[in-house]
Amino acid sequence: MSAMLLNKEKWPEFVGKLTGKKIWAPQGEGQEMRFAPLDEGDAPALEYGNTRVPPKQALFPQTETLFRFQLGREDVEVPELEEEVVLLGVRPCDARSMAIVDNLFSWEEDDPYYFKRRELVTLVGLACSEPGLNCFCTSVGGGPASTEGLDLLMTDLGEHYLLEAVTEKGENLLKEAGDLLEEADDDKVKEKEQLIEESKGAIKRSLDTEGIPEGLPGLWEDPLWQRVSASCLGCGTCTYLCPTCHCFDIQDEVEGFAARSCRMWDSCMFGEYTLHTSGHNPRPTRRERTRNRINHKYSYFVDKFDVIACVGCGRCVNLCPVNIDIVEILKQVKEAL
Amino acid sequence: MKTNENPYIPYYATVEDTWFETGGERAIKTFKVVFDDEEVRKNWSHSPGQCAMIGVLGVGESMISISCSPTEGEFLRFSVMKMGKVTQALHQLEAGDKMTVRGPYGNSFPLDEWEGKHILTIGGGIGQAPMRPVVEYVKANYEKYGGLTMIYGARTSGDLCFKNEFEEMTRDDDLSCHLTIDIEEEQWDHNVGFVPQVLLDVNPSPENTIAVTCGPPIMIRFVLENLKKLGFEDDQIYTTLENRMKCGIGKCGRCNAGNMYVCKDGPVFNYATLKEIPEAFA
Amino acid sequence: MDLDKLRETAAEVVARDDVKYLIGWKKGSYGFRVAPAFVEDAESAAELIFSPLCTANLATYLTLVEQLPLPRGQEPDDRKVALMVKGCDSRAVAQLLVEKGIHRDKVVILGIPCPGMVDPALLAEKYSETEDPADINWSDDGFVIVRDGEETAVPREELLAEKCRLCRYPNPVVSDIMLGEPVEAWEPEEDEGVAEVENKDVDGRWAYWQDQFADCIRCYSCRNVCPMCYCQDCILDRLNPNWVYRSVNFSENTAFNIARAFHLAGRCIECGECERVCPANIPLGKLNRKLAREVRDKYGFEPGLDPEAEPFQASYKPDDPEDFIL
């Protein structure tokens, strides 16, 4: 389907057409923005940079019940996932993170919870016209209008949104919107391209990843790891707020006789993450944990799935309480190679 | 519970028999379990070296080596050391009780590739658990292999697992079975000394031989050293790794040693591969 | 602040044989950011700074340090750690000494009188962040933002961090070396944040915290940054028994936040780090200051002022009122 135009005046109507689906959109103010279910009848304002908490929660909730059971009884109940969700205004980096994480959750065996949600979720992206301070998506294979992982891409052209379907799901959304849309002429498409070029130019941070995936493991004992991790507090901010971080813990939780097995986000920056019951820890200090975090994203994941597990959203840089800056770390890696 | 598409849902298995291998605070208890569901029982297949997630609902799960060979029958055996929350709960189980089982997980020892070769197993303590199925498998298919040498040790005779089985094996003329304990004890008529030293004493020929070793990290380190002294090449040596695990299917992230996930790429590793992974012996 | 003097002194300290390294502040990787600096030699002491952006309380690193297992026969590096402290930071050190969390002869304390820090979030909101190096200095009556070669004067009230508006101890309470002259303590403001919550009725307070705790993502940055949270075996990490489940929901989040607040009562030195680092913007300062105030009002105890004091919860006085027992 060709590119379509939506007059912004018709935006609430467009959102209203998404009946029967739960809409998640950026909500809150300023730095507290996060994706959350939208109240019925609301149309989200999409003038925002990016949410603090990435929308990965829609596919990989921080806490997911795997199954419920009663203590002492044998039958288990798996929660039914059936609500269709539209994520409105997802930034291309975050959508791309989902395409990247798909690799892991489908590695040899599909993760049923993740892919059930993947099926139920439609991703409507919003191209970036004003990159954030620490954005570096163009250095890691993405871009302000990357469509990877998206079903539909919207670009803000002032009075209009330009809508481009990426998948069948996206095309269906456009069909549902019907006569709210008009076809975009070439000028509008060119206007978008121009805008995206400018946006790319406005990205200030960059890094050259060439040689890093192959070279990283060779720097195992390099003093740089001690240097870059010395100030690490060992909190989970960088990983919990990373759109591609996907590690989890599984624990049984019991209240009276009602119990459930659930999984929740875990972080490789926590010491307990790898702690053996014997007390032995293969990653005993933050040096090893930091080294693993960087290696996992920039080398191990590349080995397995041929793509860097970082989309350059800049969240870990923005939010690290002690200014541990992944771009700076990788620059040091590059120098040490 | 029926065979399930959902890899996170465990099967139920009933403990048919259970006994203590060793005593003390960190006792090792063996469970012989049988799946409750007929279909699961029939469809289940595992190979020596593989693991399973076993647990108690409401408490949690632990990744444990399957310590029996499929040649032994339609049951599973797990030898569990009492260490943390889950293993403590498992130790409470008696015959007739139920545990949950998911799996089998991980790769296995390439026993088909090893046909025609002499198999040498070198184990220490609970490390014998993943190798017991190798021993049993080779015994059951003895004509296909060039022989079996087993070296197994523990701190004291009370710390040896599967002792009765192995004592029997020492009397089998076909097999070369060497048991050892660290310190001299009365009534002990086998070797005394550390496993790596016994390995040198036994002096197995590296020719057409595969060495498999598993045990405490310090033992493995010296066993590897001594295997090299005996002339073994890296690719003739196999070992298994263990790490904390949660999912067993390569999703939860924590069990990696370098770029290898122990739950999928392991637990069995060839030493030639393993020595390239700096984190492997962390 | 005379930076040359600060760097010179730091260089002398790290050059000492009995000092392992010195922890101070340095310019961060971009814009206004400041990062902790671990200085091991006199040369790198040159990157140390002290500015209104040095909000981080570095005392947490005294107990946060993790050691790799030592090879057999190797002795641990038992030398002292040197630490730069502002007034509030020094209270953390004093309280750690009270609790015997650290040994006095294992630290060298470089005290810096503090004229007050800026709130980095307010700064970003009002003056936007920047990629290019930028700075803030103190002036006689406020701050001066230095950016793109231009200086902008900003009144003190506009950017002063909340913890500094409430501060009663801008000068270090414990130090081995003092850098600079003591500053004159200012009249602390009323704690409006705590008052705002106190003025609600019970339901209102509950609703307020319910709303706040619902946002918690349990990254534990508040605990990890806290100089007073240094238990080797934290109840939050315990699996057996599992006191607080890892599930992120109101019940468990509340259990976590309240447990932490209670464990800090009579120990929190009000450095505000928990609130600064919280990625969910939970006003943790209000919670901890409320408990600090209760302890102050009811028991007349203020933590982190006297390194020789008895710890509040571990001390007994014959004239303690006993009505709290029942």
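All chains are identified by letter, namely A, B and C, in their written order; residue positions are counted from 1 within each chain.
Quick note on the criterion: contacts are C-beta pairs under 8 Å (C-beta built on N, C-alpha and C of every residue); 3 or more make two chains touch, one makes a residue touch a chain.
Keep in mind that this is a model prediction, so the values were computed, not measured.
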Minimum number of chain-to-chain touching steps separating chain A from chain B: 1
Pair of chains joined by more contacts [C-beta pairs], A-C or B-C: A-C
Chain A and chain B, separation of their C-alpha mean positions in angstrom: 39
Inter-centroid spacing, chain C versus chain B (mean Cα positions, whole Å): 49
Centroid spacing, where centroids are CA-atom means, of chain A and chain C in whole angstrom: 32
Shared-contact residues (touching 2 or more other chains) in chain C: 242
Touching two or more other chains - residues of chain B: 84
In chain A, residues with contacts to at least two other chains: 249, 251
Partner chain C, residues of chain B touching it in the complex: 84-85, 88
List of chain B residues in touch with chain A within their complex: 1, 5-9, 12, 57-62, 83-84, 87, 98, 242-244, 246-247, 249-254, 256-259, 264, 278-279, 282
Sites on chain C touched by chain B in the complex: 239-240, 242
Chain A residues touching chain C - in the complex, by the definition given at the top: 30-32, 52-53, 62-63, 133-134, 204-205, 230-231, 233-237, 240-241, 249, 251, 253, 262, 264-265, 267, 270-272, 284-287, 317, 319, 321-325, 327-328
Complex contact set, residues of chain C against chain A: 28-31, 33-38, 56, 60-61, 64, 66-69, 121, 125, 129-131, 215, 217-221, 223-225, 237, 242, 245-249, 273, 276-277, 279-281
